[in-house]
Amino acid sequence: MASFTFRRQLTIEWGQCDPAGIVFNSRFFEMFDTSTWMLFEAALGVKPRELAKTFGIIGIPLVDARANFLSPAKFGDVVEIASRVAEFRRSSFEVEHKLTIGGNLAVDGVETRVWAARDKANPEKLGAVAIPADVVAKFG
Amino acid sequence: MASFTFRRQLTIEWGQCDPAGIVFNSRFFEMFDTSTWMLFEAALGVKPRELAKTFGIIGIPLVDARANFLSPAKFGDVVEIASRVAEFRRSSFEVEHKLTIGGNLAVDGVETRVWAARDKANPEKLGAVAIPADVVAKFG
Amino acid sequence: MASFTFRRQLTIEWGQCDPAGIVFNSRFFEMFDTSTWMLFEAALGVKPRELAKTFGIIGIPLVDARANFLSPAKFGDVVEIASRVAEFRRSSFEVEHKLTIGGNLAVDGVETRVWAARDKANPEKLGAVAIPADVVAKFG
Amino acid sequence: MASFTFRRQLTIEWGQCDPAGIVFNSRFFEMFDTSTWMLFEAALGVKPRELAKTFGIIGIPLVDARANFLSPAKFGDVVEIASRVAEFRRSSFEVEHKLTIGGNLAVDGVETRVWAARDKANPEKLGAVAIPADVVAKFG
């Protein structure tokens, strides 16, 4: 389990909330995506838009996302999102996002992503490739 | 298992796609939310904005959402979303969304929602209440 | 003035509305962008994702957008958007979008876009180029 | 002209960008809306969600929004948005938003909003009411 954790604080915006006055679910997935980019930048010291080129990949596409909505976040709430890679496998990994409000867990999210590159024999084909050991080490 | 299925077709919009030219993940959760409202309207014959009042509830809030992204949807792709309640429990239910492109499953989503009402003794409190049998029957 | 008009109907979605229960302003600009793509497809008979290649351009980027919000659109409202090119200039054009609810104008939008291509001498540079007369004619 | 200016910095997110790799236009209107709330909080010392109650209004609804897109903002760009009330009229006002990248103006936005309250004689009716002089003074 990788212990490197990236934390950021956000204030919930009017446009992120629905007629119930709470954050519309899709907005949490936007927040998690951004937190993943920021986590990788913090751990690897590489700007998000340099990530692909730096590692010879096409990116870290999302293959699965899920979130458990425990309590609502409302307009003006200050939330903290703590993100870390919960598990690295050979060519995929799980990013865990804990969104808290005043210390209480409000949304519990998990993304599964792959370390994806073009096939050397067939550049039209994309596929998951082994995550370099030195990348994994940076999250340790 | 409820067999009533609601299907709709959408054409992927420019503004739903990210720099990789494919639908950004949060957009699928927007589509699923709307499909759930449309599924309930189709099954129950009640306009979405009349749903709460008609059944004396405050709504059908989402408590869990997840999606498996099997293949990308691109700008201009015509997609079909088939949605149905996969399971009704006492006060919660699972809505399953299958998004296909040309008949091939591209995104597989599941939402868990609750049938929520104000507590009669304490109207400040919200909670899951039993789903009426006649509601469940309409999805049969 | 081009008279070719593209009309579509939409039902306002929960996720498009804010805590005031009405469509959040940015969502209208999403709708207008999509209506412009659909207007061009309808007028020219070219799929949006083939537009650039078909005409040797890089696209029709937006340089100005504005909207006047006359009355709110609410969750579940059925709206109609009527879109047409209000004016073609040498290399730019105005797209006018009238969003009505039950026949009453609710939002009045205008986009200014350019017909943009790479500079032949310097492909790194983009610029507005003359709109072909046969393109203009199709909107007449 | 009110000189009180609110500035904030943002880093452009992946999910805010379209297939051209640049911020999709509607996202700028989201940013401007949030900047207006933050400007009012900074000038008046009132939390956005307390604004209506504090001043006995229903809010500051948007009646007109426009933006001029001078140069694109890309994924990872650090942008600054400087916002101020460019003009207060009796019951409406203009908020000007200048989005710069590295000091260069990229998007120039203007919102027209009204100071709106319920009609005392007919609470079903909403309307623009006079902006209190002490509110205006805080932006001086």
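Labels A, B, C and D are assigned to the chains in the order they are written; within every chain, residues are numbered from 1.
The rule is short, and it goes like this: contacts are C-beta pairs under 8 Å (C-beta built on N, C-alpha and C of every residue); 3 or more make two chains touch, one makes a residue touch a chain.
This structure is a prediction, so every number in the text was calculated from the model and none was measured.
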A-C compared against A-B, more contacting pairs: A-B
Distance-maximising chain from subunit D - centres being C-alpha averages: B
Chain centre separation in whole Å, for subunit D relative to subunit A (CA means): 29
Distance between the centres, which are taken as Cα means, of subunit C and subunit A, whole angstrom: 33
Centroid distance [mean C-alpha coordinates] between subunit B and subunit A, Å: 24
Multi-chain contact sites of subunit B, meaning residues that touch two or more partners: 14-15, 20, 24, 26, 30, 33, 75
Contact footprint of subunit C on subunit B as seen in their complex: 13-15, 30, 33-34, 37, 47-49, 74-76
Footprint of subunit B on subunit D - complex, ascending: 14-15, 17-21, 24, 26, 75
In the complex with subunit C, residue positions of subunit D that touch it: 20, 24-27, 29-30, 33, 59, 61-70
